[in-house]
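Heads up, the next two complexes both have chain A, just with different partners, chain B and then chain C.
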Partner chain A sequence: MPEKFKFAFMPSASCGGCEIAIVDIDEVILKVAELADIVYWPTVLDFKDKDLEAIPDGGVTVGFYNGAVRNTHDVYHAKLMRQKSQVLVAFGACAQMGGIPSLGNFWTTEEIAHRMYDTVPSVVNPEGTRPQTTFDAPEGELTLPRAMERSYALDQVVDVDYYLPGCPPQVKWIVAAVEAVASGELPPKGTVIAGTKAVCDECPRERSEEKQITEFKRIHLVENDPEKCLLEQGIMCCGPATRDGCEAACVVAGQGCRGCFGPTDNVNDMGAKLASAIASLVIADTQEEADRVLGQLDDPAGYFYRFGLAKSMLGVQRGERKDDDE
Partner chain B sequence: MRKIEIDPISRLEGHGKIAIFLDDAGDVANAYLQIPELRGFEQFCVGRPVEEVPRITPRICGV
Partner chain C sequence: MSEEFRPDILGIFCRWCSYSAADLAGVSRMKMPPTTKVVRVMCSSRADPVFALGALLIGADGVLVAGCAPGDCHYKTGNYQTRRRYALVEKIFDTLGLDNRRLKLVWIPASEGAKVKRVVTAMTESLQEAGPNPTRAEMFI
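Our next item is the complex of A and B:
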């Protein structure tokens, strides 16, 4: 029998959903067990940094990194995973493009900290205590990593070989990735392991391809026609700019897509593509009328960059922008 | 004082570390639980449409 592969799973600024998705592959996990030994997975087994550090460089066949890069320890983990892994996979929307944590990139880390530690209603902190990277407790020193100035996608910190998109990635694409590793038939570097079209192409709702929107509506305030495209009914949906592969899961469940699979191959900036897709659906004779309709869309940046603000081309951060050293 | 550090606390989602200090007799003098993470949900939910919040906050913990 050939030597078994070695897999490592690294959680960073994540929610654990990506790791539940791995467990959700059900009996395929037996195939994984046949194919590979898990050499690092602290969410599931008692692994520490030293266990990964002890593996020779390149000793991990495939490293799966989930979560955004938010603090200095995440940066260390990203670099360590790159060093140890022959193939590094950005697993899930957070690793691919910042994910939900990168919504914080609208603010500086100081503004976020001020809210969290000073003004949030559930916090009483009259002395303004904040986390410190070192603290001299009476018994000895305590240390913490430092929060970076914003969230980063994995490939903004280290070189990435493949992307498994989604929040979390879906079972069929995790299985496809495992099968590609097993067969040795890996796709070209940089491939996003999912569909190659847009969510609209998989969506069962009917589109008329004609201009439709005369006003935007909030989904809970109207009854929508379950057969018809949400966007054409004036309900926000990110399907036109989002990569397919999820079988339009949210839309089938009655909600607009929020773009968790990231942009399609030919889209650089999700927001730019969505803005033009939406503008092309608006019925308006004058620019003022178009602006009035588009103005009804509350929080466009929060829709356009729901899962990908770290990779947006916009410089969106408010407040005094600081840069990270690395 | 001797320090035992458990970092990360494994087999859970979310990061945590524990520092336990032992005195000369080997008894626990004090222990600290530290949460090294910062996300900012408290801030970045502000201003979002309320119907969107149930699609954002599940990403605090997906287990």
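Our next item is the complex of A and C:
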């Protein structure tokens, strides 16, 4: 029997949903177990850093990294995974483009800490206590990683071979990736393992030739027509600028696309592209009308950059850059 | 006076109205601050917000987008699209804490060379007040 592949799964600044997606592949997990040994998966078994460190460099055939890079320990993990893996896959929207954690890039880390530890209504903290990176315990000094000034996508820290987009990644693309590894027919480096068109191409909802939006409505305030395009009904949907491959799962379920598959191949800044696409669908011939309709969109920046702020041209935030940030 | 800050402005002007107006201002030898570098596009709606954001991120102090007056678009509705886009981009600017003075959308009919002068002068002055673009100093990608 030929030597088995070795897989490693590394969680970082993530919610755990990506790991659930791995288990979600049902009976294919048996095929995976047949094909490969899972040498590192701290979410499932009690692995520690030293277990991964003990593996020789390049000893992991495929490393899957999920989550954004938010603190200094994540940077260590990312570099360690790169060192140990022959092929490194950015698994999920956070690793691919920053994801939800990168929404924090709208603020400085200090502003976020101020909100969390001082002004949240449920917090009583008159002494202004903040988490520290070191603590002198009787047993010796204890340390914690430091939250960096912003969060990063994986490929802003280390070299990445493939991307599996989605929040969480879809089963069929995980299977496709595993099969590609098994067959040895790997796509060119840098490939995003998903569709190449926009979600609208896959969407079964009916749309008219000329989409027209005269009003934006919050999703929970209207009963939407399950047959018609959501945008035409005034419900915000990121479909026009989002990569397909999910079979428009959210839109079919009656929820506007949130953009978790990231931009299509030809788009470099998803939020700006989406702003441009959505705005051109609005019917408003006067400045007042344009302001009124677009004013109904709450937090457009948050919506358009929900998953992609770290990778956006505007993946910026104010404040001093710390030297040890990657 | 010689030490005064001279902003760098990227102008994206539509071919039919605003660029002709700028041409007219030129042949009429109107004097205006030499701050605006104009790129000619077929329609102001070609001025994708991505271009404007990109210019600001690589260090332009301001972006001036100019098109035909509403109702006068050569392509009938191009400038309406531009207007909506920039209305949305302004909101995004607010969230990101970027200075709205740095991005301006104006309508300049072909016959109004004087308006080019007025707009460029006003924008130059407001940017002199705002100071150099802090993007590169304050923000990083």
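FYI, the second predicted complex is superposed on the first by the 309 of 326 C-alpha atoms of A that agree within 3 Å, B and C clash if a C-alpha of one lies under 4 Å from a C-alpha of the other, contacts with A are read in each partner's own complex, and residues count from 1 in each chain.
The rule we apply is simple: a residue touches a chain if its C-beta (ideal position, glycine included) is under 8 Å from a C-beta of that chain, and two chains touch if they have at least 3 such contacts.
All values reported here derive from a predicted model rather than from experimental measurement.
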| item | value |
| --- | --- |
| Touched chain A residues, chain B compared with chain C | B |
| Which superposed partner A:G302 touches (first chain B, second chain C, both, neither) | both |
| First (chain B), second (chain C), both or neither touched by A:V171 | neither |
| Which of chain B and chain C A:L35 touches, first, second, both or neither | neither |
| Chain B versus chain C as contact partner of A:D269, first or second or both or neither | second |
| Chain B versus chain C as contact partner of A:F106, first or second or both or neither | both |
| First, second, both or neither for A:V120, with chain B first and chain C second | first |
| Touched partner set for A:D291, first chain B, second chain C, both or neither | second |
| Which of chain B and chain C A:A180 touches, first, second, both or neither | neither |
| First (chain B), second (chain C), both or neither touched by A:I55 | neither |
| Chain B and chain C contact sites that coincide on chain A, given as residue numbers | 106, 299, 302 |
| Interfacial residue positions of chain C with respect to chain A in the complex | 45, 48-50, 53-54, 57, 70, 80-81, 83-85, 87-89, 91-92, 95-97, 135, 138-141 |
| List of chain B residues in touch with chain A within their complex | 1, 3, 7-8, 10-15, 19, 21, 29-30, 32, 34, 36-40, 42-44, 46-49, 51-52, 55-56, 58-63 |
| Residues of chain A that touch chain B when the two form their complex | 11, 13-20, 42-49, 70-71, 73, 99-101, 103-104, 106-107, 109, 111-113, 115-116, 120, 131, 137-140, 142, 144-145, 147, 167-168, 218-220, 255, 258, 298-299, 302, 306 |
| Footprint of chain C on chain A - complex, ascending | 106, 268-269, 271-273, 275-276, 278-280, 282, 284-287, 290-291, 293-295, 297, 299-302, 304, 313-319, 321 |
